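Input: structures, listed below.
Note that chain A is present in both complexes that follow, paired respectively with chain B and with chain C.
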Partner chain A sequence: MHFDFSDDELAFRKELKEFLDGELPVYFEFFDLPPEERAERSMAFVQLLSERGWLTPAWPVEYGGSAQAPWQQMILAEEMVAHGEPRTGQYMNVNWIGPAIILAGTPEQKAYHLTRISKGDVLWCQGFSEPDAGSDLAALRTTAVRDGDEYVINGEKIWTSNAGIAEFCFLLARTNAEGRKQDGISIFLVPVATPGIEVGDIESVLHPGAFHHVLFTDVRVPASCRLGPENEGFSIVRTLLANERTGVARYHRAAGYLDRIATWCAERDLLDDSAVIETLASARAACEAARLLVYQVYDEKTRGLDPDVSAWAYRTAAVRAERVVNEAAFTLMGAEGLARHSFADSQFEWAVTAGVAGGSYEMQLNSLARVLLGSKG
Partner chain B sequence: MEPNDELADELRASTRKALDDRMPTSVLRGVIDTDDRFDRGLYALAADLGWLGLTLPESVGGVGGTWHELAVVIEELGRSMAPLPVVSSVVLGAGAVLLAGDDDQQQRLLPDLAGGRTIATAALTAASGRPADGLTARLERRDGAVVLSGVSGFVTDAHLATWMVVAAVDGADVGLVVVDAAAPGVRIERLDTTDVTRRLAHVHFDGVVIEAVDVLGGGDNVEMRRELLRRAGVAIALDSVGGLGRVVETTVEYVAEREQFGRKVGSFQAVKHHCANLLILSETSRVAARAAADGIGGARWPEWAAVASSYCGDAYTEATRIAVQCFGGVGFTWEYDIHFFMKRARLSQQLFGNPTHHRQLLVDELRFATPVG
Partner chain C sequence: MEMTLSPTQQAVLDACTTALGRAAGPARARELRSAGGADDRLLTLLGEAGYLDVALDEESGPLTAVLITELAARHLALAPVGARSLVAPAVIAAEQLPEFVTIMDLAFGGPVRYAAQSEALIVLDGHDARLFTAAEYTTTAVETLFGYPLARVELQGGGVDLGAGSGDVARRWWRVAIAAEIAGTARAALDLTIDHMQGRVQFGKPLSALQALQHRVIETHVLIEGAMWMAREAAYHGAPAESSSSAAVAAVEAAGRTLFEVHQLSGSIGFTDEYDLTLSSLRLQTLRTEAGGMAAHSRALVAGRWGA
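So, the complex of A and B:
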């Protein structure tokens, strides 16, 4: 298996890195910024990316992309996360919200939303999870009831990252209570400023503004906000989220943190210690295992194969890499790694959510088991 | 084998009741938001209930009990996460004076401590907080006076202490001295840590003059410091046992209520396995820590202390990780309590030597005890 990069790809990575180092000084504190400032800086930065054609390179040309191979998007994902993900929520616009609109949008939806996303002047949030629909997403209860040319939306969403600063919400709501629960869900592209939408913070161990709950009370939206056919939203989302399993290059950020831990050890002359070497080396191996799995996914995609198994295996490997680097930080740095806002503390936050956010580790194992066992499982 | 078990049971019930009444997490959440993270009224109650004098002799105002009873109180404190400087005062401060002080020093310092009128701690490690690292506080003789300079790292409850015992380099030896926290030249640098249920500090000493009456030890000070760290490690292990018990209870309660896919999530095999693993970690920690506490001073005490400290540190961390996984997203929200335990476990794993350090001590003990050849 050859995962060597071409000269063009290496040149692209170098150019991108130089640009990022110039624009973004030390960036792993990015999430410590107050939410409004984070949004402002992210918007300004993403517009710079757009001007250089680096925001939506994999999109078709007609929608503001340049139809580049998936590899370039992967390089972008790695370098962005290594710099604290300065796109914040806008990585979602690029990775799957835009592609969902490309897949199922009306000409008007495409013209309006894809133009804005590719120019980098809009923030989105995703309204999926609910208090009683976490792993079991299809059990969601938020309703959208047709009333003439409008839908009336009622319900509650939870874990909504960036809801406090987003302009649009990619919302899943139930439009049919009969039949299979997966078959009664539709997608709505809802402006967050619509009357009846209330956004609240969820305080957590993560940075302020990381999570929100969003209440919908008699929220009226025009029927033209619906994306795709009524009751077919779940299958659209399922197709698009298969991409999202590999969307965030968590292993690359973890490997970057591991480099910082190694530097910390080197400064203390600890690199001759065999236990230190073992800890650093096994953590590095975990990061590289995840990296190779995601490269395999991209390779399979490029060759037109279905990367289902690789993608699930990658997800579990990425969670393990996050956790192992977290353990290495605390094992090697000791109590000094527990200082608030240190990079070990920051890695701790990532590792804590790694096996839960975007689907729990156990659900990932179940998905793998389902692939292995099929109907026998 | 089990000394005073009836007394221990009574003590556990009364301690748990007092802490449930006075320091439920709803109250704890307010206390940890303050700079001191301390409930003075509850500390006075701790003195009234005799927790502070449990292991002190009657001659200095204690009740002359053993670590069997002290272990109960420490476990319960770990269960409630109550930010009370009991381990700092009793195990570290009083422990040091009992171990290394003479009668006069004990009479001068311990009655007020047992009565809750003073708070003490001990600064036993270098700036890094690691027991194996060379001490970064030192004693010097200047014009006949003993002077303390340098820094001690990650000292528990230093911001509350009236006095502290400091371990410092003293020529080729280790010196143990009592330092008044308000003395000129002492600066307490409070730390902000991932764990929000405790308060640690770096303590800086800038030419602090030590009176002759405040010099402890005189015997094998290196071994005395080692013994204090050993006891501190076992105290943290007991605290972890208390925390583990509550982590198991609250996690099992949650998975027995939460439903997904129309079933209790506790009915899924993966979650059942998590619960089983939690129980294994909790029960193993309990027996290891209690064996150590009851074995203090006995033939196998250093070995059992090393086993308890290394096992419980990892077990508490692993258990809280599993527990948060069982809770899912709400597990890391501020609203639920489980993240407090997770972060407390992380600091406990590092305080007074991490599990790797204790495993090294264990290897040293075993090598020492096993005849060569």
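So, the complex of A and C:
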């Protein structure tokens, strides 16, 4: 056991950080930009990353990656959030949509989609949740019925982030209504512009474009849009969602906000107040705990293991870190924190959605409890 | 000791509930959210019906005022009912009470609730307080997610001195008012969440049937109940330093817990504009930072209890 980064990793971080500091000298959140502008700027930015081999460094070389160890992916994730996550929704392409296609795609799907994702010229959205299938994702009812060389899709997806600007939807649909509900689900890689797909905004208190509903009415797609074998979509998605859980370095973004809040306190000579000290310290420690738990996930990935349990534990710690930093932000900034886009306000959105977006907190707890306490009551 | 309402109190609250049911509520809160500003109409209506002056009435007193403050918050009233019905009567002579009044403390920075909409501002400056009319200060609106119109205030005139010790008195009543507003607002958020959980089926059963979630709802419920009763008792006793600050401490704790629990338990729908939750939940963030928030309430409690 040791806790040193290799020279290569340190050099990678330094070079990446210098580049990002140069391109984005002033911190702002790309997610706060209006959707169209966000799409445009993010697309332009990931192309810069792609040119430098920094978009998909962990992917195999044959698919446009540089086969770097998962640690590079971690460094990338940390530096991205430290610079406002300029990849926006595209972290998803890199972290789990691409890997899903690597895992289960046909040669044609790989050639087309992986090339585009690794070049950074495509936006995706994730069509999982439905009005009656949130935590209970396997209860989804959108159907895809085989008709010759095509599937006909009908149903409704909800909460779909970025659907208004995405070109493709990574869609889960039911292809078999019999048997265990998990066993009748398939994945489809669907162009959002296909006739019969209607995307609507859902207004919310979150960043613009956070939520949409997507209606599918007799949407015909070629069978070649299906990813992986029919009815096996759920297990593919399950495997890859570990990546979704670790894909955004939430602890690092929260720690960044905490640093800004500490500076705010220092500017007001508050750093020798014991209550301020305790508040900052416990929030910092929460971020550090989450950091080490995600490092355990990357370590397991490096050793070729399937980091399920450690990914759940990390996610749990990351949600806590987000919330504790939010609490610290409002405790310390008081009414100043209420202003739109104050550090406290920015952290609030991440903290209040942390346990819901990307699968709920309680689902992680349930999964962990099953493993740690056993399934018997 | 008698912890049920007297017939007179019940009658006042029933009538006030009817008035609030008509004039406040989610639809009105949503209307005001898009229009900006505060609910002058509601404040006038409550004033004309006498609800804002019950603290001065010998029979009703501040206890009824705190019940009305709580009730108004529960109905999502967007008006300074607590400031007007609990704080102002404690420091301003009855015949000079402005209709629309709000409070700021010079000890704390940050934007002030309802400052731009008020006719008058009670400014706490250490032990004393001064009353400024709207002509004596300017405001700059502050954009916020957290449910109330906020503005930064710049004082210009000198205001009217409200007497020695008026700052301390106002501050104690302010804490009671905040605690009551939190109790009502948090209750609205939690009630809606319980309703949602009873109807929302996942994994073949309603969320309300899951024990892991039930316990969290109940813990939140108990925090809110505690704060509510503490605000009531403090008001009844005339807002003593200790019990008014302990009510505020309990309420701020309840507010923080409620805000995060109701959103977690409601899932994505809780964040949408079409659903009512954010109309109450987000206000809790403002209420918990007001009057110096937890740090100031805690200091006051420790000083009130153990001396400092």
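As a convention for this text, the second predicted complex is superposed on the first by the 367 of 377 C-alpha atoms of A that agree within 3 Å, B and C clash if a C-alpha of one lies under 4 Å from a C-alpha of the other, contacts with A are read in each partner's own complex, and residues count from 1 in each chain.
Note that a residue touches a chain if its C-beta (ideal position, glycine included) is under 8 Å from a C-beta of that chain, and two chains touch if they have at least 3 such contacts.
Not measured: the values here are computed from a predicted model.
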| item | value |
| --- | --- |
| Superposed partners chain B and chain C on chain A - clash or fit | clash |
| First (chain B), second (chain C), both or neither touched by A:Leu206 | both |
| First (chain B), second (chain C), both or neither touched by A:Ala339 | both |
| Which superposed partner A:Leu215 touches (first chain B, second chain C, both, neither) | neither |
| Chain B versus chain C as contact partner of A:Asp136, first or second or both or neither | both |
| Residues of chain A at both interfaces, chain B in one complex, chain C in the other | 129, 132, 134-136, 139, 158-159, 202-206, 211, 275, 323, 330-331, 334-336, 338-340, 345, 348, 352-353, 355-356, 360-362, 365 |
| Residue numbers on chain C that touch chain A, as the complex places them | 108-112, 142-146, 150, 201-203, 212-213, 256, 259-260, 263-264, 267-268, 271-274, 278, 282, 285-286, 288-290, 292-295 |
| Complex contact set, residues of chain B against chain A | 128-130, 153-154, 191-195, 200, 259-262, 268, 270-271, 321, 324-325, 328-329, 331-335, 339, 342-343, 346-347, 349-351, 354, 356 |
| Touching residues on chain A, where the partner in the complex is chain B | 129, 132, 134-136, 139, 158-159, 202-206, 211, 275, 323, 330-331, 334-336, 338-340, 345, 348, 352-353, 355-357, 360-362, 365-366 |
| Footprint of chain C on chain A - complex, ascending | 129, 132, 134-136, 139, 158-159, 202-206, 210-211, 275, 323, 327, 330-331, 333-340, 345, 348, 351-353, 355-356, 360-362, 365 |
